[in-house]
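Got a structure for you, written out below as structure tokens; questions coming shortly.
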Amino acid sequence: MTGGTFDKEYNELSGTLFFKDTHLPEMLRLGRSRVDVSVRTLMMVDSLDMTDADRALIVAQCRQAPESQVVITHGTDTMVETARTLAAAFPAASGKTIVLTGAMVPYAFGSSDGLFNLGSALSFVQCLAPGVYVAMNGRCFEWSRVRKNKETGVFESA
Amino acid sequence: MTGGTFDKEYNELSGTLFFKDTHLPEMLRLGRSRVDVSVRTLMMVDSLDMTDADRALIVAQCRQAPESQVVITHGTDTMVETARTLAAAFPAASGKTIVLTGAMVPYAFGSSDGLFNLGSALSFVQCLAPGVYVAMNGRCFEWSRVRKNKETGVFESA
Amino acid sequence: MTGGTFDKEYNELSGTLFFKDTHLPEMLRLGRSRVDVSVRTLMMVDSLDMTDADRALIVAQCRQAPESQVVITHGTDTMVETARTLAAAFPAASGKTIVLTGAMVPYAFGSSDGLFNLGSALSFVQCLAPGVYVAMNGRCFEWSRVRKNKETGVFESA
Amino acid sequence: MTGGTFDKEYNELSGTLFFKDTHLPEMLRLGRSRVDVSVRTLMMVDSLDMTDADRALIVAQCRQAPESQVVITHGTDTMVETARTLAAAFPAASGKTIVLTGAMVPYAFGSSDGLFNLGSALSFVQCLAPGVYVAMNGRCFEWSRVRKNKETGVFESA
């Protein structure tokens, strides 16, 4: 978990959005997931605020993780940039399948795409060959062939 | 769509559960899905009430569908039985990848696993080899190696 | 609390509706209620199954309660019948204002009227003269002048 | 309707909160309300941005309304200030009962107090004597005896 819209909450005193804890365990419970996972919160940031140091930390944590299949929840605005950094660190020969996903609407809000995207990312990561991917809108893209369309909010082939 | 818990609704006059329309289009919209799909409602039944004729209809519709990738939403109680019928009709050589999924709690209720399962099934169907599968609990099983544990409600290896 | 649709839940193993615990404390929290209340669960039954003994228990508990303002959550089907029993036991001279309310859709489901009705009943009970009332659909009726229209599910003047 | 947190929505492209349309009709439908109402949207603003001209418009609209009972949805931050303006314009002799209410969390989000507050305000307005009131947290205060505690977000006696 790295934060992103996925995990934003509404602060009812200030009327602004903020990060508290990740909703991932609750989402896995809601989805009745029985996928064997180990959940780690690396940071809780808006992806527009993500620094090179943050990305280096993500790479380091992926390297340290014994798992060969990794899902990263991430803000959508710079998801592709983080995917590029990961791709440089984890060539196919590394044996790691890494899938980034996120949400357009916070899970805590009424109408989030988060649960759909989580089910999607967890599934793609189990059957794709080693590499770095972005799973959004029910589709999965190789990291180098995707961009977020800022006008529609949709991830599309690039 | 064949019905199942996925699409059950609460009748506020009688206090009982019933089927009206499928929620699938609404769920795809909520998930911001951009997977190219054609949606067909074959029936709206509780899977315990599903007959051989119903299963023959499902097979016939899959055969008629030009798509090589098919997701079937289905009640969980007899999902494996329908998967067996489909497997007899669609050997790997048929080129069809068929993934059955469902829900433990109706989508219309607060805490459904439906959106997670739909994201999962739509993703598995895009990357698995031809065959018949059951996608539940974030996992995907070959039709001949899965059973629903009636005590826990979880699909497990068999 | 006496049960009723208000507090019905979905049993995901059997696919049927059942009672577990009352959702009232959670609903008061969601409504940010600061009304000073004491919450008691008297029973958890479908109002169609409510017996004379159950109604006698409700009367006894209201009598024992030191509060002069009481809200009773109750199944809608026999709400008026229980109101009549209460009215016989608590004439205006008793100083008690008793408001019965309920829900057409369980709170645990997506689209319940429960939170609206609870806000309404808690408000009416604070400003009405002693007597027995039914608060549904945003309106409040004296117990002797209301009936549930079984065809529309709406409480109306009688 | 004047806007306020009640009617804020999440803009999934910019990740910010904004106003679109009021959710009031949908909320009345969800609450199965049968209270005879006429709904008017006067403005859609954050109450911190509300000007004297906005308040004059609210007064003018209340004066013009043939109804003697009025509920105003309003941002919580300056709700008491608007109540004061209304009180100057509508003394008890005016025969108008005006109840202001709002929400701490937008209705469109998962965990809003909006539906509870709406049920509460609609009920108080039906039984209180002419005057100007604030209905929040399940309670109702005369306009001159309430303040919002900015630290807790709770309306309390002042």
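Letters A, B, C and D mark the chains as written, and numbering starts fresh at 1 in each.
Here is the rule we go by: a contact is a pair of C-beta atoms (placed from the backbone, for glycine too) under 8 Å apart; a residue touches a chain by one contact, two chains touch by 3 or more.
As the structure is a computational prediction, the values presented were derived from the model and not from experiment.
Engineer: Chain C and chain B are one sequence twice: same or different residues at the contact, by the over-half rule?
Structural biologist: Since more than half of the residue numbers are used by both chains, the interface counts as same.
Engineer: Can you give the whole-Å distance between the Cα centres of chain A and chain B?
Structural biologist: 26
Engineer: Let me have the rounded angstrom distance from the C-alpha centre of chain A over to the C-alpha centre of chain C, please.
Structural biologist: That gives a centre separation of 45 Å.
Engineer: Can you give the whole-Å distance between the Cα centres of chain B and chain C?
Structural biologist: That pair's centroid distance is 39 Å.
Engineer: Residues of chain B that contact two or more other chains, please.
Structural biologist: Correct list: 104, 111, 153.
Engineer: Where do chains touch, given as pairs?
Structural biologist: Pairs of chains that touch one another: A-B, A-D, B-C, C-D.
Engineer: Which residues of chain B touch chain A in their complex?
Structural biologist: Within the complex, chain B touches chain A at residues 27-28, 30-35, 104, 111-113, 115-124, 126-128, 135-140, 153-156.
Engineer: Quick one: which bits of chain D touch chain A in the complex? Just the residue numbers, please.
Structural biologist: Listed in rising order, the residues are 5, 8, 10, 12-13, 15, 17, 46, 104-106, 108-111, 150-151, 153.
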